[in-house]
Amino acid sequence: MPLFIGRNREARRAYGFDEVALVPGTVTVNPDEVNITRRLAEGLMLEIPFLASAMDGVVDMKFAGAFGKLGGLGVLNLEGIYTRYENPYPELQRIIEAPNDSVTHQIQEVYREPIKDFLIGQRVTEMKKSGAYTAVSAIPQKAKRYGQIAQEAGADVLVVQSTVTTARHISTLYEPVNLGELCRELDIPVIIGNCVTYHSALELMETGCAALLVGVGPGASCTTRGVLGIGVPQVTATIDCAAARDNYFKRTGKYVSIITDGGMSTGGDICKAFAAGADAVMLGSTFARAREAPGKGYHWGMATPHKNLPRGTRIRVGTTGSLEEILYGPARLDDGTHNLVGALKTSMGSVGAINIEQMQLTELLIAPQIGSEGKIFQKTQRVGMGK
Amino acid sequence: MPLFIGRNREARRAYGFDEVALVPGTVTVNPDEVNITRRLAEGLMLEIPFLASAMDGVVDMKFAGAFGKLGGLGVLNLEGIYTRYENPYPELQRIIEAPNDSVTHQIQEVYREPIKDFLIGQRVTEMKKSGAYTAVSAIPQKAKRYGQIAQEAGADVLVVQSTVTTARHISTLYEPVNLGELCRELDIPVIIGNCVTYHSALELMETGCAALLVGVGPGASCTTRGVLGIGVPQVTATIDCAAARDNYFKRTGKYVSIITDGGMSTGGDICKAFAAGADAVMLGSTFARAREAPGKGYHWGMATPHKNLPRGTRIRVGTTGSLEEILYGPARLDDGTHNLVGALKTSMGSVGAINIEQMQLTELLIAPQIGSEGKIFQKTQRVGMGK
Amino acid sequence: MPLFIGRNREARRAYGFDEVALVPGTVTVNPDEVNITRRLAEGLMLEIPFLASAMDGVVDMKFAGAFGKLGGLGVLNLEGIYTRYENPYPELQRIIEAPNDSVTHQIQEVYREPIKDFLIGQRVTEMKKSGAYTAVSAIPQKAKRYGQIAQEAGADVLVVQSTVTTARHISTLYEPVNLGELCRELDIPVIIGNCVTYHSALELMETGCAALLVGVGPGASCTTRGVLGIGVPQVTATIDCAAARDNYFKRTGKYVSIITDGGMSTGGDICKAFAAGADAVMLGSTFARAREAPGKGYHWGMATPHKNLPRGTRIRVGTTGSLEEILYGPARLDDGTHNLVGALKTSMGSVGAINIEQMQLTELLIAPQIGSEGKIFQKTQRVGMGK
Amino acid sequence: MPLFIGRNREARRAYGFDEVALVPGTVTVNPDEVNITRRLAEGLMLEIPFLASAMDGVVDMKFAGAFGKLGGLGVLNLEGIYTRYENPYPELQRIIEAPNDSVTHQIQEVYREPIKDFLIGQRVTEMKKSGAYTAVSAIPQKAKRYGQIAQEAGADVLVVQSTVTTARHISTLYEPVNLGELCRELDIPVIIGNCVTYHSALELMETGCAALLVGVGPGASCTTRGVLGIGVPQVTATIDCAAARDNYFKRTGKYVSIITDGGMSTGGDICKAFAAGADAVMLGSTFARAREAPGKGYHWGMATPHKNLPRGTRIRVGTTGSLEEILYGPARLDDGTHNLVGALKTSMGSVGAINIEQMQLTELLIAPQIGSEGKIFQKTQRVGMGK
């Protein structure tokens, strides 16, 4: 149902988390009995359908272990600080302490240090000690090389990620990455991202990947939409890619999981992502607020270090509790950023979904938060939130 | 008329109070002659169609009496402070005085004290002294037990309330509450809530309840939408549940009242609720601002004490006048929070409705307050409001 | 094209000034050659189609004279301060100097003083000295009596005004005002208001009035929408009432002017009112900013003094220039509140309208100001406006 | 697909930059290989499709040269400070240093000085020394005279610009400018503006102009919409004028370039302008932030000096970097205002456009930025941007 935005020019309306809401069910379910485990790929069963973003302020080796023990999957960025410095923590400290007006520059400085191959293997080995699944990420151009090293060191999953990744890429200056070849040559499952449209999701599924990351431009520390004008709101992006997944499954019998990545800041947003069709969600800033996060309450995007066109910034998110409190409560904040698992289960109970498959079919309503109820006390309310 | 929010996925647009406005009538009526009395249930005739929410900062025994004398119905929460402590006032004071950053924790502490059965009867007895109707509330799981005690002590109405209540509930761990049985076994009328959709309202009406509370997530001290993603804006929710009422009445001859609960902060919002089809409205924060409210200008939601997933917060609403001023004026504020009865009658006069039935048929307009008139002086205006 | 706002319930979308914009013409006209004179009623030709609201902070006897000499029509409120006190200026001063938290109360006090009949005649006599048209206003219940006195004293127009005025009114306690009789019995033209819908405009035209005031709830110092929930955005209200005017004219040959009253704060808004079909506009706060306004930079609504349900407040609008600057420039502000006549003529030139009739046919676009261009510098811009 | 905004009155919905977003492509392209050169007119090939507005705080002779060397086209206003004063810099300083409350008056004073014909030729000669294309602007009434002088002095392009320019203009007091004659009589290409609609664009193309400026009311230092009510959001305006261009080209074989002028504040907005159909973009405030801009971080509109009806103001935009950084990076800000060329190329790569023609066909989505993702950290994020 496209609308005209000018003479002979139509456009679809796309929706974000703030514009939709879930509708309670006619039947409700005991939240303690809903099932949220999810098989992300062959041999990769997550107790809770949560991934932690491959961002240096969020996931280091210890965080990945702690997060894994709690049931989720933390991804280590193979092109971040941890593979550039044997002791990365003084560098993290430098970023954390940089004054606002020079932080972009300082981040660029820190990331000028070259990546060391030996550190890739070493980091994977360190992560494996926790017993949790080991997930690492690289950009498409480096995915083959770093992926091989990581696989040999025992990594369980490779995430191949750039702002926009497509199965087809045009260049006369270099050989475009063959993602199908990459997936075939590696033994471990590959998660590819990011994409946001039905057709590019379908083409990426043909590469043989295990899952797709959905989201271009929505994250809290990401400024892609302002800089490039590109961005598809996450509810519509998730619905479209989930439709690709369902059609691909119908045609081939292969189920490629959809992971909504970015743009969610509360339990409510997460619930909406699942209702839009997600199999799992990937969060950055939410986990950056955990006491275990190496960023100590600071968070910056993967495109921030870009030399010529930084698209992201360091933001102060604060430290609000332990990772366990953020995932399982007890919630010490009532703004929807603590006890995310409890929120998801309670929400599923209220809409009457006994598992993620049913949650994916929940009725969504268009109901903008702007101009919504409770206006007079709004300010007071925020103060009262204990922030 | 659903809209596409993604590939193969449709959603309805739902509306809140700030998005609609009433249209003046072609005929007007003398406001002093409009009739706003309303029969809420068999033997329960309200002079004014207002209920005060079962929240501890709003309704204690004295407040219920004062509110009843003024024509409304104040509901006491049987699972709140008043049935946990013989002298609840020091505990209220503790919550009121708690600093912002520990208030959620303090509330949880206060509500850890167990409920005493003997206090249930005692509180009902105290309330009855005022001569007003006595209304008490409990969650579904406790409704049978506490309802029986309250009924024996002489309560006139039982409100059975949880965030989302449905006629059907799935659990293998416990026996779901049979709401129909509950209504049949009690002699006093039962009000059930909350619900927001046509179908769940219809199913709840089959239980034999006298009235339904409509509203999930809209209240000022409620953060359900942020935490769970669930919420239906009140205008659409009220219209839908009122449609269920009308169809149920046509089919069975039984009229189940619709009570819009939460999300209204001004006389204007209240008028819109009736125009959307409400038989009565239930207000929390509005009455928390009365001098008679035990919260002394503070207000917190029923889900705030939740140990693992608090959905609500303590908000400071301030004390702005007496209950009589809030209901009948003279208004000392011009922002629509005083003289609610006068506002409703004047609005009914302006739209030409001589009673609530006619008010329920008033034309509504979609007219977002956002981007509305008077922008340049907006700031000054607020200052001038004497807040 | 109504939209569904709930089950079986449709509503029209209505539009306000901030949501529309004028489209430049394919032909443009020299602004110095556009004609904005307008015949408001038999023998009442305005050089400029502007009326000043019957508000005590805006129009006193001197202001009406000055405004008339500049080509417009200032209306004196016969139920305001000027007919209650022989020397009203100390009372004005009391309101102006009242602290924010007691201003509503002080206004109520000042207006408690009874109206003196002899002052009505005296004020009209004073106004007539300027040589300009003399316009006065009263509420429907008092219109006959005060209108007769004013007419005898030589008034040229009577404005009969209340929040919502309809041709039909229901009461068993008093005899409703017969507006048709009123218009027939008076020799001077009668302007009636306020109304906002097609059908009530049509019925009011049948009374024989000369013009209608359009606008319920939009003014800067008016809180009708918040208090009563009633309000129709001015663009749609003006279009609808103008449609009634055109149909009534087609049927009867009588042209009843449409005066958009309230909600306009800039020249841009005024231009939009004419494009929506207005024959003239009535402004309050805009003229309250003139050095000649008796409110000395303060402004309050006609419903503010209401004892039980004040719907309005005193707002500080500031004094920004002379009445001549506000009407004809040179503009010392660039925010659209100075040189309103120049703005109207320039706008008409740009859309290619040589007179008000053509301006009424200008293409309007739906183009919300919210989310509009120039965001990054927005703040700075406001600072730079010299306010 | 017009909507009803009132009885019998339809209006189109128009869209601005904040309401749309680009959709990533199914194919992506190496950003280093996209081609953004653009032929603006016969013999006028731009390396980068960027023009700098003819505003005195942005373009002086030196700026034009520097901007030209970097591949763009800077336009000098022939009716600004530079042709009124032999040494314009003390006057610029006076405007820059004026206090907020008198700045409009001071600007009017500075621009009271008459234009000197000899300075027109002299300024063109100065500009030509840089070797870059020399572009100058005049209002329609002066275009013939000043255009001739400038052409003789060697100017390469004449921009004829007023708020709204149409091929047809009505006046009985003076002879309307014949734009067709003007274009025929001059040897250099003529760019005309501004226009925003399909039909007026078509009529202007008939004059024989080389390009059109699109935009009425959107600029950061422009208050046309507030003052006159006129304004068409830039995405729709660009789409409509581009449709005129394409139809005119199909019919005549002549390609008249469309230059989106104003309203863009970030790289993202620029990318959207091209996706809407622009051949080039003209920016004011963005370049006013360059160290080379004569306004030293201040910026004011061309209509600001207007004696009677100033429509614009001086705004403080600050100085954020060199012109080279703003155009080519490295970006020292991550808010999309640095490295605009890099942003455009990266965006084109992500949507799979190898040149501007393909970029003009990019899918646009309706996706309001209001209510978008990342809300909780919004405030912090802005702080973190280093502004």
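Residue numbering begins at 1 within each chain, and the chains themselves are lettered A, B, C and D in the order written.
Keep in mind that, in the parts below, a contact is a pair of C-beta atoms (placed from the backbone, for glycine too) under 8 Å apart; a residue touches a chain by one contact, two chains touch by 3 or more.
Bear in mind that the values here come from a model prediction, so they are computed numbers and not experimental data.
Asker: Starting from the defined contact criterion, work out which chains touch chain A and chain B both, please.
Answerer: none
Asker: Where each step is a move between two chains that touch, what is the least number of such steps from chain B to chain D?
Answerer: So the least number of steps between the two chains is 2.
Asker: Copies chain A, chain D: same or different interface, half of numbers shared as the threshold?
Answerer: Chain A vs chain D: different; shared/all numbers falls short of half.
Asker: Find the geometric centre of each of chain A and chain C from their Cα atoms only, then give the gap between the two centres in Å, rounded to an integer.
Answerer: Whole-Å distance between the two chain centres: 54.
Asker: Counting in whole Å, what is the centre-to-centre distance of chain C and chain D, each centre being its mean C-alpha position?
Answerer: Distance between chain centres: 38 Å.
Asker: Quick one: which residues in chain D touch 2 or more of the other chains?
Answerer: Correct list: 12-14, 266, 269, 335, 369-370.
Asker: Would you please name all pairs of chains that touch?
Answerer: Between chains, contact exists in these pairs: A-B, A-D, B-C, C-D.
Asker: Would you tell me which residues of chain A are touching chain D in their complex?
Answerer: The touching residues are 3-9, 11-14, 16-19, 100-105, 163-174, 195-197, 199-200, 203, 216-223, 225-234, 236, 262-266, 269, 285, 304, 307-317, 335, 337, 368-370.
Asker: Given the complex with chain A, which residues does chain D contribute to the contact?
Answerer: Interface residues on the chain D side: 1, 12-15, 20-30, 32-33, 198, 235-240, 243, 266-272, 275-276, 328-336, 339, 342-343, 346-347, 350-352, 354, 363-367, 369-377, 380-381, 383-386.
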